[in-house]
Amino acid sequence: MRPSGRAPDQLRPIRFTRGFTRHAEGSVLVEYGDTRVICNATVEERVPPFLKGKGRGWVTAEYGMLPRATHERMGREAARGKQSGRTQEIQRLIGRSLRAAVNLEGLGERQITVDCDVIQADGGTRTAAISGGYVALRDAVASLKARRQLKRDPMFGSVAAVSVGIYKGVPVLDLDYLEDSAAETDMNVVMNEAGGFIEIQGTAEGHAFRGEELDGMLALARQGIAEIIQAQQKALEG
Amino acid sequence: MRPSGRAPDQLRPIRFTRGFTRHAEGSVLVEYGDTRVICNATVEERVPPFLKGKGRGWVTAEYGMLPRATHERMGREAARGKQSGRTQEIQRLIGRSLRAAVNLEGLGERQITVDCDVIQADGGTRTAAISGGYVALRDAVASLKARRQLKRDPMFGSVAAVSVGIYKGVPVLDLDYLEDSAAETDMNVVMNEAGGFIEIQGTAEGHAFRGEELDGMLALARQGIAEIIQAQQKALEG
Amino acid sequence: MRPSGRAPDQLRPIRFTRGFTRHAEGSVLVEYGDTRVICNATVEERVPPFLKGKGRGWVTAEYGMLPRATHERMGREAARGKQSGRTQEIQRLIGRSLRAAVNLEGLGERQITVDCDVIQADGGTRTAAISGGYVALRDAVASLKARRQLKRDPMFGSVAAVSVGIYKGVPVLDLDYLEDSAAETDMNVVMNEAGGFIEIQGTAEGHAFRGEELDGMLALARQGIAEIIQAQQKALEG
Amino acid sequence: MRPSGRAPDQLRPIRFTRGFTRHAEGSVLVEYGDTRVICNATVEERVPPFLKGKGRGWVTAEYGMLPRATHERMGREAARGKQSGRTQEIQRLIGRSLRAAVNLEGLGERQITVDCDVIQADGGTRTAAISGGYVALRDAVASLKARRQLKRDPMFGSVAAVSVGIYKGVPVLDLDYLEDSAAETDMNVVMNEAGGFIEIQGTAEGHAFRGEELDGMLALARQGIAEIIQAQQKALEG
Amino acid sequence: MRPSGRAPDQLRPIRFTRGFTRHAEGSVLVEYGDTRVICNATVEERVPPFLKGKGRGWVTAEYGMLPRATHERMGREAARGKQSGRTQEIQRLIGRSLRAAVNLEGLGERQITVDCDVIQADGGTRTAAISGGYVALRDAVASLKARRQLKRDPMFGSVAAVSVGIYKGVPVLDLDYLEDSAAETDMNVVMNEAGGFIEIQGTAEGHAFRGEELDGMLALARQGIAEIIQAQQKALEG
Amino acid sequence: MRPSGRAPDQLRPIRFTRGFTRHAEGSVLVEYGDTRVICNATVEERVPPFLKGKGRGWVTAEYGMLPRATHERMGREAARGKQSGRTQEIQRLIGRSLRAAVNLEGLGERQITVDCDVIQADGGTRTAAISGGYVALRDAVASLKARRQLKRDPMFGSVAAVSVGIYKGVPVLDLDYLEDSAAETDMNVVMNEAGGFIEIQGTAEGHAFRGEELDGMLALARQGIAEIIQAQQKALEG
């Protein structure tokens, strides 16, 4: 039934390639099938003005797409002179999700910026960015630990994300572009390794969705995220 | 337990004042307690470029706050030269929510813009804007019907929104500013008159939230939105 | 002769509603007939860079219109990314006019910003903003006095403004939109309670105006402003 | 008494050099003493969108200053990415003033843009720009007449401008920078050759000014503008 | 002598990976040693306004860097709201260089945009972008030929680029970052397969360079470009 | 053969008028035939952030054109809200070229900004700006010396620039607009008084150029720049 032939509860192949570029403290290429996002985590010994002198750190994210990551070329945001509402919404979501995994006091007065740049888009770029950004963040924190700049581990646990939706009346996991553009409901779910919710964003594209449909989608998300967290762990141990 | 002395499942006083300003086709002052938002719906005989010649209309929203709607003065977005990510996120949410109530084919090739301007903020401005924007939209559509410019009613049903959250460990309905800034979880829910979900946006501010907490919040939202939809109907009949 | 049926020297009903919103140190809804402007005065314990360390304060103003304050919807300045020349011209005029009523040394190193936001426009928005802004400014100064943060009263006197013009060959007072768009000459006059001129801005829209016409308009302005200053005093005592 | 040693009713030397640059249809260097402004009038066979198809033309103005036209270098507006409120206010004033001299129907569907660029500033740049812009505009219209593109002369009459003020308690004509920065009142007056007022903009810098002071300043302006109009005529005949 | 141990006339390993992403008509990852640039060529059936209706096509380029392509994170241009002067200079250079290889009449009324995005920078990003952009452009043209949309081949010949410089007094080929930041002279050379110059841009960083030094650098460039053109051919045949 | 009747190796009349405006520390009108550029050098007792506390100064340049410096009016960059890529490229070139003549340590912690504003364009504006900017820079340095604010002369030598090109198959010197728009190759050359190259920027507009053509152009540039440097010296002594 799914264009890709996947079962409703089947993820696309998920891959995390660490050390993808050489300058960033954490650099990960994350792939959810044909969706490919470079996640680079940068450590800087400064915090934003609102945190100065408070003994706490900050984690933030920025998001972008290469102009031809998509089927049709999209104008370059740098050339148009501003980031779209969609871009800003996504980077705010990534930042909030990653902060949920970090004890900001434990980080000290430093900022980690996670840049998520989509080089190929096939649906689910924001969820891939969160899951890949988490791995890059862990590597950046590890580089601080290796240089003995942290007293204790500032990471609380894992964070991963996946999209779920109602496609042709059936709840499905990890929508690709073909499904995404035809889905009746589209929901992005961010969870931690204990199955707690960090963020839920669900939108009815066609008709409003019912409580049972919501429950079905959340069950798929729970299972998918458990698998993605396993893949993250494996990559981090590799 | 709540700073306002309300019961956990108690809304603030909800008021819709129609005809608040005289130029707009629909003009509503919506109040959720001390949160006050002017919602003006404008009908224009044009559609955005991507819809030209397709026989369909469009509904969109814009959101703003007077600089001193808040405790501290916030810089005017027009003076800073751009809308914040928060503003864009909110106006995209309002637009999506209102479109869920409209048959865009039935509207014809015209656009309705719903401007939501917060003149006093005390938490829940985006949910008030959706509920008030719906009433303004209905009045704008009524003005088209009165001028016999529509063949059939393009409205599907009602749309209303409310926030829910976990405050001091307890699910509560319709958070005011004091609760909002201390809540462990904050969720905005948009529903229709049939109890279907149009949008769910939940964020863990402190710890991740569990499935039971989610269920508790959604139950409160369902009840609150039913009351708000009644208030909308009453205002529209008044 | 006037569309509204008013006598040439007759003001529209002028109203000042203090305490219109609850966060600002001074908050006034001013109405010149159907023109309605929210004037919020904010006190901040900082001054602009060019005044730092000079022991003087500053008073400034910002001006905006809700997109549908007018007959046709005007694009939101925050969305277009800049304030129009008209907006900047008006807010500079309001700021200069209000500063004429304040001893900036007496204010200490603090800034008062008066935000004037038009929620309904029917001609004369800038003059209403000046007169209403003055009342808001007085309330903001009163809040400083109440907290014993001023050694002496920094207010010199009153400031009020009104428009005058030549409409169908006759000098008239306080033009509404219909008159404004057809007037041959349009002049905004700002005066103090002693009848001194603070600002005169007169523009020939049709033919150039003669000295006698100027004298006729100034006489109307003098009388109108005296009435407005009375209304301000009454509101401030109320 | 005046820093320059001039009598209160004495203009600075006024010069108009036509044909200052070679590409513009009208190109004039205007000098009011040490204030030097290049005024270039450009004819284009198009009108702004709001005038399309209405059979009328348009006259508009733009204003700029070289960064080091002033005592201290001012940041380049092109580099800062926007024109200041002062710049916009001035160019709107120049445009309105010049339009007062033109029958826009007589111009046909074309636009004349008058660029006024200050290369050296010593007070009175906006009034010099208006007087010089008028000469450039006349030359641009003459070039249209020479090419037989106008049925009749679209010019109504002359326009010139001068500043007046109260300096050390005395009304003075044509303030230079030293006077301008110390004046109690500063007024810009635009008149036509018949002594009619096109624009009056007076601002009390120190105390409010009285009716007699206003009359004294206007008398000086009337005399000064008559002299400037003579100089314009002489330049245009030369 | 060179930090990398290379001989003065030795290129870094040059690699072209075609089909790097799947949406673009031409997609190439180009590597000059550790410098890695994604070059995506997009075909669009439109031309810029100045070419409309002239029967000719257009080739243009855009350039960007991921924020962490460099040793230190650089602010994202989309977030800062404008492209730097350096970015604009580079993308203009790439566009001019690629147009030198194309008969724009032969392309028909269509535009090819070559997006060059640096994912890892180690000196020479603009020269790598030109050489890689050429391969992507060829693939994009091939896709048009395959769809029989071109009457004849619009490509004139090959284009490739390399940097040369004076490092510690010796002319060297293809500078990496360490050399680039210490070079006395830095020159970018763009040539075609016949050894003709398309662009030369040389800058003395330390002392001015002499005619013999220029000759030495140009000789190295000629040899290096011949090798790069061979690598391009091999990649295009592969 | 040349439209102007000049011999291939003949410069246009070159003039430097010092003291052109009165506020700048160095103010020069430079003319290359009909190309006229005002170069104003401003000394400020501050350096850009990246140089703070390093005991070194900075020299930078900005470039602009009056809107009607050209045959057709070009939109004002301040009004469009950004500087074009061409403008940024040119001002970066002028800045680099002038810095090549200055010992920045010798300048102390101060910045000299050279504003180059084209009032009439006829080809070669950037080369005229460099040559004129050098004279203005020398005058600004002289003003510092006169005020005994420099321990030693921070100027290394002279800098001048000229364009060369291939026009109708023949190398020519100092192209005017007619030649520039028809040239097959266009090259800007910046040199010092010892015949060393500071910058070479050559672009093939039509076919690629050969080594012999490059040599021919460079020989012309060398001779032309020697003449311009003589003219600079004469002006500086005058």
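The letters A, B, C, D, E and F name the chains in turn, as written, and every chain counts its residues from 1.
Criterion: a residue touches a chain if its C-beta (ideal position, glycine included) is under 8 Å from a C-beta of that chain, and two chains touch if they have at least 3 such contacts.
Because the structure is predicted, anything quoted here is derived from the model rather than measured.
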Key: Contacts common to subunit C and subunit D (chain labels)   = none
Ask   = Does the subunit E and subunit F pair touch with the same residues on each side or with different residues, judged by whether over half of the numbers are shared?
value = same
Request  = Can you check how far apart subunit D and subunit F are, centre to centre, with Cα atoms defining each centre and the answer in Å?
outcome  = 33
Query = So how far apart, in whole Å, are subunit B and subunit F when each is placed at the average of its C-alpha atoms?
reply = 59
Between subunit E and subunit B, distance of the C-alpha-averaged centres to the nearest whole Å = 50
Query = Residues of subunit F touching 2+ other chains?
reply = 81-82
Query = Beginning with subunit A and continuing through subunit E, what order do the ring chains follow?
reply = A, E, F, D, C, B
Message = Looking at the complex, which residues from subunit D come into contact with subunit F?
response = 21-24, 27, 34, 36, 38, 40, 42, 44, 62, 64, 66-71, 73, 76-79, 81-83, 87, 113, 115, 117, 119-121
Ask   = In the complex formed with subunit E, which residues of subunit F make contact?
value = 82, 85-86, 88-89, 91-92, 96, 100, 187, 191-192, 194-204, 207-211, 214, 218
